[in-house]
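To keep things simple, chains are lettered A, B and C as they appear, and every chain counts its residues starting from 1.
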Amino acid sequence: MVNAAYRPEGPEGERVADGDPRPKAVLEGPDIRRALTRIAHEILERTKGGHDVVLLGIQTRGVTLAERLAGKLEEVEGRPVPWGSLDVTMYRDDLRMKPARALGRTELPAEGVDDRVVVLVDDVLFSGRTVRAALDALNDLGRPRAVQLAVLVDRGHRELPIRADYVGKNLPTSMRETVKVLLAENDERDAVLLGPASGRSEATAALRGLSGGSGGSSPLGDKGEK
Amino acid sequence: MSTYVIKNARILGGDPADILVRDGAIAEIGPDLDAAGAQVVDATGLVALPGLVDLHTHLREPGREDAETVESGTRAAAMGGYTAVHAMANTDPVADTAGVVEQVWRLGREAGYCDVQPVGAVTRGIAGEQLAELGAMADSAARVRVFSDDGHCVSDAVIMRRALEYVKAFDGVVAQHAQEPRLTEGAQMNEGEMSAALGMRGWPAVAEEAIIARDVLLAQHVGSRLHICHVSTAGSVEIIRWAKSKGCPVTAEVTPHHLLLNDTRAGSYDPVFKVNPPLRTADDVTALRHALADGTIDCVATDHAPHPVEAKETEWAVAAMGMIGLETALSVVQEAMVDTDLLDWAGVADRMSAAPARIGRLSGQGRPLEAGSPANITLYDPSPRRAVDPTAMASKSRNTPFAGLELPGRVVATFLRGRPTVLEGKLQ
Amino acid sequence: MKRHLISAADLTKDDALLILDTAEELDRISGRSIKKLPTLRGRTVVNLFFEDSTRTRISFEAAAKRLSADVINFSAKGSSVSKGESLKDTALTLEAMGADGVVIRHSASGAPHRLANWVQGSVVNAGDGTHEHPTQALLDAFTMRRRLGGLEGRKVTIVGDVLHSRVARSNVLLLDTLGAEVTVVAPPTLLPVAIDTWPCEVSYDLDAVLPKSDVVMMLRVQHERMNASYFPTVREYSRRYGLDVARMNVLPEHAIVMHPGPMNRGVEIAAEVADSVRSTIVEQVANGVSARMAVLYLLLGGSEPAIGKEVSE
């Protein structure tokens, strides 16, 4: 198992204790860069050179990560790797728990997905429901030869039989905590933040502020907090 | 017949005095009155008005007894403080013969809640083509003096001229429903900003004003009494004011709803606000209030128009036009005229009792509250405010546009020739 | 909160832009081989058409079906107390069927507003009398935005029977919300008396307005208006207010010609104009499905409507 190869780092104390209002950075820019580089190499290894690979980032930050991964793959292999975006809003199983949300863009590379190895890319793997929706969406777009999953952070608490093939960091969390991925393209800086999930805490406010309205204007939006 | 002493009533809103009622008439007015065996009615804080007279009531009987009957309509009238109502002629069959008007008159006498004075149709079947037997109705037991095709305009100028002339023989008056028919084909509401926004066919003010202008000139020409029903526009007021200044024998009425509501109500598309003539603009409402205050408009008439639930619980376009108003009229007039200092209680007594009785030639109604007058008395408490509750009304119908609106005042008692029809706010 | 789309005025600028952006994404899906989305699975949409309009009904039906809603079509021409079942009874029937959304077309202005008081679901006005047709305005705005880039400051000229046009009413309101500058052009008989209270300019002279127009929207003119003396003859109307090739040629290079359909070729619009590259008439039909999908998704897709307005009794 790929994710078994990478053990979670850091002692328990690194997590923010419940009640601490401030989110804490558990990964900084260089950590994220290293994790993506490692994932890129793993993808090439597992797909034997990545010739049929198409990267599909799940809106919003998965798209940024897919673009970065595509860049790293090109650096190593010396040829462009097709990548695109996937919006799964219309396929979500929790649509009726919140008001209808704005849609993101689904943009496939010209090669399409038929007979390709599609690597879905997302920032945080939590319940697995987003990935389930992505698999359904993908099903309507074509018939890949295989589908794999790459995530920057796996925070556990799966509610569906889904696992990632490539994991940047396994992060043990409690259900009440939030994990927030910030990416420079969306949020002005790179970081992974861990914070308490109390609805109107300063932490949430701080997170909202940090997200800078890019992509997830509502903290309850599809990619705000996981 | 019982004798009553009404204690501490503020006659026309003045200082408290007692009223002794005996044998159907006012026997005496003064301080500390007493009489052996008299029933005492405590009227402390209440305003005493002469029994109200409505020039314009649709009782729906015969024909639409599902909406109202003479009995239910006159119960509503008594609850509203009325001692006489003029029953409009657009029944089924139309009140265009002596037979029908006598039937309505008799039904009113049997019910006994207030005097029912039938209005006769001007033309046969209110079709606007041939005069009805106006003289026969005038000579009948119902002694008809007011003639109207209300609901329809007597739009043919020749028919209108003939009717005006003909009723002079028995001191009658033609009450015109002023609505130029071609200008109002399919019209749904006042033509203006609201109708443009709501996409409803407009009912231009000029359709009313053009007919009033024509008819005051006709009335002046032939020297006949003309009455204008439910005046609804500022322009109509101007024409009537001009006509009166020229000595034209014209009188006019305004409804309570046109004194309080405007066409923005149509924004709800709730047909409870659909009425003929339509609710007009806020500026029109202001002009009507001032015209009633200065006497250009002579009286308030309810145009009480009951409709069954299914006639109103529909799309606006297919809904019936009209509103009930007997039980809210005095409260609305207080809200629009008295509490705004446009009219005092003596003014209310004139506009809602004396003037309509004079126009309708009802000799026993609208008389001043003084010894010797018939004891037609309304006791009214102007102090409480309450939300209008359609389900609590005596009318058979529920189509009040004031439902849920908070209005002042409450009729406490109504006396019809010395007999209480309402006492302590309850029908007797 | 129960919200509806009854008037274009129910939409804030944010609402309107959200609908247009959503329609843009949904329109891309309509280019795929699998056009269906699972979003409204289990939701019931009733198309309640009291007036014949095959085009609009099919458009709404396609929109609802592409979102996987259960669609019930209910056609009932002419409703009044005298003709049997009333609108209220129909509403009670819909309630019993558990309609989540009701799309209503009715010949009486305000019928959707009345219906909204009687049903639990969200009501979408698919055209009521001479009042409004908000989804037509949305698809028109969507079409303009695609052709012209944006609507802010764009000059839109609406020509024809404004008085009786629900399309004109909704377009004037929505385009104003979106920052466009609207001019209505018509013979004075076919303008409401209170047109000065609308957020638009008014002209009686088509030729003066055309050179400054980014969009010309021609409204259908009905022959029965001639019989009611709104204009003397169809020929005179066409000469003064019709869009022919000569008039089209004075339009700016980029300007587009729109028509909500169905057209009277040779009356308000010449066949050559209707079939020219400036014409968006066919696109409008396709865009209608995307715009209506966006409305249905935003009203019915979530826990509560994301757009629209509550209706007061």
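Things worth noting here:
As a working rule, a residue touches a chain if its C-beta (ideal position, glycine included) is under 8 Å from a C-beta of that chain, and two chains touch if they have at least 3 such contacts.
Since we're looking at a predicted model, the values are computed, not measured.
Common neighbours of chain A and chain B, by the contact definition above: C. Chain centres here are C-alpha means, and the one lying farthest from chain B is A.
Closest to the middle of the protein, by Cα centroid, lies chain C.
Two chains share more touching C-beta pairs than any other pair, namely B-C. Once the centre of each chain is set as its mean CA position, chain A and chain B turn out to be 75 Å apart. Distance between chain A and chain C, defined via averaged C-alpha coordinates, is recorded as 41 Å. Separating the CA-averaged centres of chain B and chain C is a span of 45 Å.
Residues 87, 90-91, 95-106, 136, 140-141 of chain A touch chain C in their complex.
By the touch criterion given at the top, residues 188, 191-193, 195-202, 204, 268-270, 310-311, 313-318 of chain B touch chain C in their complex. Those residues of chain C lying in contact with chain A across their complex are 18, 21-22, 25-26, 28-29, 32, 34, 36-39, 67, 297-306. Within the complex, the chain C residues that touch chain B are 79-82, 86-88, 106-111, 113-114, 128-132, 166, 169, 192-195, 197-198, 312-313.
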